[in-house]
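Take a look at the structures listed below.
The following pair of complexes shares a single chain, chain A, combined with chain B in the former and chain C in the latter.
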Partner chain A sequence: MSRKEAKRAKEPKGAIKERKLKVLNSLQEFGAKIYGQIASGDFPSVKMPSRSINNIFYDQKLRQYILGNKSVRRSSRNIRHIRPLTQLVWTGMFVDELTRQSKTSTLRDVFYSAQAYEMSFTDQQESDNLITDLETVIGYSREDFNVFPEERSAIFGDLTVEYTLPGYEGRRLNLTSHPDGMMIGPALTSAEFISCKADKVIAIEKGGLFTRFIEENVHKRHKALLIHTAGQAPRATRGFLRRLNQELELPVYIFTDGDPWGMHIAMVIISGSANAAHLRDLNTPDAKWFGVYATDIVEYKLPSDKLTELDIKRLYELKRDPRYEGKLWNREIETFIKIKKKAEQEAFSRYGLTYIVDEYLPTKLEMASSE
Partner chain B sequence: MSRKEAKRAKEPKGAIKERKLKVLNSLQEFGAKIYGQIASGDFPSVKMPSRSINNIFYDQKLRQYILGNKSVRRSSRNIRHIRPLTQLVWTGMFVDELTRQSKTSTLRDVFYSAQAYEMSFTDQQESDNLITDLETVIGYSREDFNVFPEERSAIFGDLTVEYTLPGYEGRRLNLTSHPDGMMIGPALTSAEFISCKADKVIAIEKGGLFTRFIEENVHKRHKALLIHTAGQAPRATRGFLRRLNQELELPVYIFTDGDPWGMHIAMVIISGSANAAHLRDLNTPDAKWFGVYATDIVEYKLPSDKLTELDIKRLYELKRDPRYEGKLWNREIETFIKIKKKAEQEAFSRYGLTYIVDEYLPTKLEMASSE
Partner chain C sequence: MPSDVIPSAFGQVLYGSKYKLRQTRGTFGLGGKMAVLYGQITTHGQTRIISSTGTSKMCEYILMMDIQKNRPIVLKHKIHNNKSRWHGTIVEFTTEADYPRAMPKILDYLKQTAIVVPYANLTFVDPRGRLYKFERATTQMPKPPTETSPHPHGIDIETLKRMIEATKSRTMRDFMRRHFQRVGETTAKKFLKFADVGERKNPRKLSQDEIVRLVNAIKRYDGFLSPDASCLSPLGIELLKTGIRKELNPEFVAVHQRRPAAYSGFPFIVEVGVAYGGEIPVTDRILLYRFANRIPLLFDEASDVSYKVTNELMNWRHYKVLPDAPIAVFVHICSLKIPYKTVGKEFIADRPEVEHEVLNALREVARQLAIFLSRKHHMEREKKRLDVFSKYLPKIAAFSARLAGKEKIPDVKKLLRSIAKYVEEGSEEGEGAEGSD
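So, the complex of A and B:
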């Protein structure tokens, strides 16, 4: 039995269903606490970690941002708290319904749905904040309680999944079935992994290149699951990448444009964002960025554009960012600043359309595995 | 034999392969003409319809923009024409290679690939223009010669396709296999239709609603193929909608946000764009927009936002647009201008998440079929 099979065998059956139960328990606990306070004659109140900037710290061990010890309390004893507390309790009730009925919604939907309950939000900003509060209180991300983003990314590769979505339970599909790729949405992120012939994941920023990789059989030649992040990976996709890495022990490589924004797409997959400091399980600390590096622009003589002032400002911000400690990041940030150039993934096409797959990719994979 | 089956039976087998051959023939003819001119000692030249604004007309019968009789000639006799003519010939050669090898690329790729051939383009704008020139010369759209856009939309529903993509030839898939939806890319747009249990197509602007429709079994309850346009539908998707309408005789309904931009998403599917006046087969003249109407905002008392100045300016532009003739469009444009409000598709959630599927959709479908 290979290491990977052993790992899979150890994974509890129905990990997804178990997680859903945990989320529902968490929501129930939150509700029970409120009921308990009322029953014992106390003003209902909620205590949660503060998400203010002075309570966000970078944790070197977890390799992500976390919240510190400061907390805030919302109490119905305080007249200014009654509105947000009521909204928070309603939000908990609403997403509990969603999750129990396995219905998904969006942040926008939550805002409008409130009106069905005569719960008033001034604007969507207010209801979005309440969803984040709820995440903080129950410790799960909104995708766990079925509030999904608009954006979708896609996947292609030799992974067989079994859906748990009502109406599709028990149905299995191999993710090479549709060569344009499958959308990563509620059905896939709630599916169990059945078998996987791939031994790595390659996440790709651009759609054109994702298609190129499929056409050139990268999934077969390099036994890779291919993921199209479509720019910054949506949180559901970041969580899914983590599952592929943790449950299936697949190394994750990230391939972006060669500029500070591409670099940061990789970083958010690796170390998460400060905005999600109240959450766990969304980042993949062992994922590796493998290009386009600033040093690749020099080495491969790539067609490039001049960095804009905004690009350069961004690079100096990244220099001060604790996530960007380490030799690779330092070297690349410094090189970008020195050469003042950026290059897109498609720039390799100057050596022919398949150069990127035939030459660049194998070199990078070899470098990554020999580290 | 039903009308639909009869129609399908009449369709030539391998319509997709036939189209590909026509595209290749067209490219070959273009090359042969250049060779012929050289052989007979003439300066090579190309004549094509002018795409200048004074040569674009709206055709009431085709219900799309077309080019008039003015034409332009690029001749190597004229020193200022040598560069664009050479670029045009190179572009033809390059996409001929792409199409023969069934490799896809993007506009960005074409720009970079030129450098592999020491063909110089000042910037991507220049190479994009040349691709449009080539479309005009050979009369097929760039997707036909394998230059695809970055954006992808998605599909879900009871349609079984057979891929013609190399490596996947003959493989069949039913498009209900993955409940998050399948991407619409080169593999799907080049697939043959094998069987279809749906009797209509519903194209949806927003991703969250596309997912809701799947969850609420709209594909079964209303025998519909569901398409997520992801905003303005990419050209490949517009061509695919036309195929569903023409080859399978499925009526197409379009459901967008209730504002001038949503209305125009529908219009571009129905009547195409002025930019594509040199092309055919991208629009679906019989497709119907069925909401969100301005009159729906009033009738359903939808939560709404105020129209911005930009929205209002856009409405006055649409009023002067020949595509917007007709009772429905007039009424809705006037109502928008009168009520000065817009509403998103999600606004129906104020009556509960499933109201849109349980109440609004059946009403609209009934209205559409009784017209």
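So, the complex of A and C:
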């Protein structure tokens, strides 16, 4: 974490507003560039880093995937490029207006809105690709310019936020207000952080366990913000986790099923995905995975299932993945391969419903914080 | 039509003008008489004929046929004044027929006749009272054929015997020269030596055996010049083009006339056309119009040599013709003797000489079609290109202005002009390339 960011973390107010301005600037710059090219009699074109597989590299320092030096140029001089370029500029214009009016939309909305401008996309895939292009060109993720996927993940804990959403500006909310948790949607991701009594974040893969944690007052007992990732964490949630980590300097712990897929949910939160190699600020490099480990299955004698062929294939893939470096990951992958077993988070219920909160969690937290 | 031949021409089977060596519409002189005959046996009606050759007189006949004696019965013969010097022949008779069933073929026949005889006005009022008019598109007519003497290769024993009976020649050398086309002093001498027949031998003295040997020798001898085609009257490329344009109004027509060729001593000329687009319908096959000595052939298309060439020997893909293209092929074969496969005279045999001529002619017009199609595709592609630029550049300008927060939308006219210029240059290049091959 840079010094500058750390400073901002202590003064949380305004981070969202600042970011929004940056996004709008970036969009306007893009528009001005195209405008300038036409005004000076040139065929408008845009250059952006290539997202092809041979231009995606893992950066050890950033601990995430990044794009290499190869770039592609979309030029209106080229008959095959002119339509995608037009769509790109349109998309820029569309999200610029969205962001200015603080309105949100979905990928599906973008697909349909284009039709009003006789700019129809052939299919959803084409319009999704264009959104990704725009992310690449302006360097911000789609959530930053108010295009959201369907939301499904939630947060619960003693964090007070202040909405910036029109109609709710200035309104504050404590995130313990609703016992089911609050959805991490556009309103929340665009909210400023006001005050936080928690000193850690626990991200949980499964909804059932998230509810159990709330019921068992984990947020109080361990001063934790609880986040339900609902499987693979959506980008908005990944960005939100990063903000909690960077702005509030909270350590992040990730708790998933004990199988290669759960492990990878943690990894994407920590190191990001190859699909988002063109973006920054979506990963939380300091976040920690604390279970369920393969070694836990052995140690706690957890009820387990046999790994399927697909699971094992996935393990070998992870073994080759540059993100899975380090002792912990190696040890767990090897153990999975050795014991050929997997266990769900709920497996701890074998020892009673509260065992996981009373026994397992404290042990893990202690281990993690002493590392 | 001369007045004195009219009764026989319409009332005596096998009487006719066809037994001469020149291209004619019919072969045996049966068609007209059969129509009259059929009318007579189905309705017992009479046939009225009015005709004039453009003199001051005009004749009128009312006829029936004596079927047993094959003789015309003249019921009435009158001579009228012809002040206007009208020229032509009118034939009136009544016949029984199944018009609803025959209608499509009759209309096809008329339409196709209008193609191959574009200098004629055709008018048809059908039994339902509908008027069909096919108006002439030109007053040009093809040169009429001249009568010719036979080519040696076209001769058979019977014909040779008849010629010998009628000849005034005293020597074989003179006989050959006088009665066969394109046989002169030298050819006659060379051939008689080849046939081992004395030059000075009197043709009337030839024995039966000698005649047979002579005909066999003629068939084997390859020193004769190819047959004279002046006895043929092809339509000519301009008239064929006119006919096709007039009846089908296509986007593109190419026609080609082959040089005269011969099979078995009979000269023939193949003329073909190919038409594309316009009012030619899109079907799953190539429309084929066949003509023989300017008569449309309507039946048994699939057995015809032109069908074989068009559908089996031609590789249309090679000429950029797609399977569902609106395309029609026209094949006109004119000959002293059309090589019909059957007596029905509906389709032409696939004799190698004829097949070869049709194929080569079709290849020639197909090449022209390919050039047209590739130019057309090129133009379409370029136009589409320009359309794409014209559609998107103004949008990019408008969107970018809004995104950049500018009031004024930048002008894309200059960019579009440079694209349009490129389009023009492109098409010129295309033409240059095509012109050179």
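Throughout what follows, the second predicted complex is superposed on the first by the 358 of 371 C-alpha atoms of A that agree within 3 Å, B and C clash if a C-alpha of one lies under 4 Å from a C-alpha of the other, contacts with A are read in each partner's own complex, and residues count from 1 in each chain.
Note that in this section a contact is a pair of C-beta atoms (placed from the backbone, for glycine too) under 8 Å apart; a residue touches a chain by one contact, two chains touch by 3 or more.
In this text the structure is predicted, and so the values were computed from the model without any measurement.
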Which partner reaches more residues of chain A (counting touched residues only), chain B or chain C: B
Partner chain(s) touched by A:A187 [first = chain B, second = chain C, both, neither]: first
First (chain B), second (chain C), both or neither touched by A:G139: neither
First, second, both or neither for A:P285, with chain B first and chain C second: neither
Partner chain(s) touched by A:R108 [first = chain B, second = chain C, both, neither]: first
Touching partner for A:G352 - first (chain B), second (chain C), both, neither: first
First (chain B), second (chain C), both or neither touched by A:M119: second
Chain B versus chain C as contact partner of A:N217, first or second or both or neither: first
Shared chain A surface residues [contacts with chain B and with chain C]: none
Residues on chain B engaged by chain A in the complex (per definition of touch): 98, 102-106, 108-109, 111-113, 115-116, 148, 150-152, 154, 163, 165, 167-168, 173, 177-188, 206-208, 211-212, 215, 217, 303, 344, 346-353
Of all residues in chain C, those that touch chain A in their complex: 385, 388-389, 392-393, 395-397, 399-406, 410-412, 414-415
Interfacial residue positions of chain A with respect to chain C in the complex: 27-28, 30-32, 34-35, 38-39, 41, 43-44, 76, 79, 82-83, 85-86, 89-90, 92-93, 96, 117-119
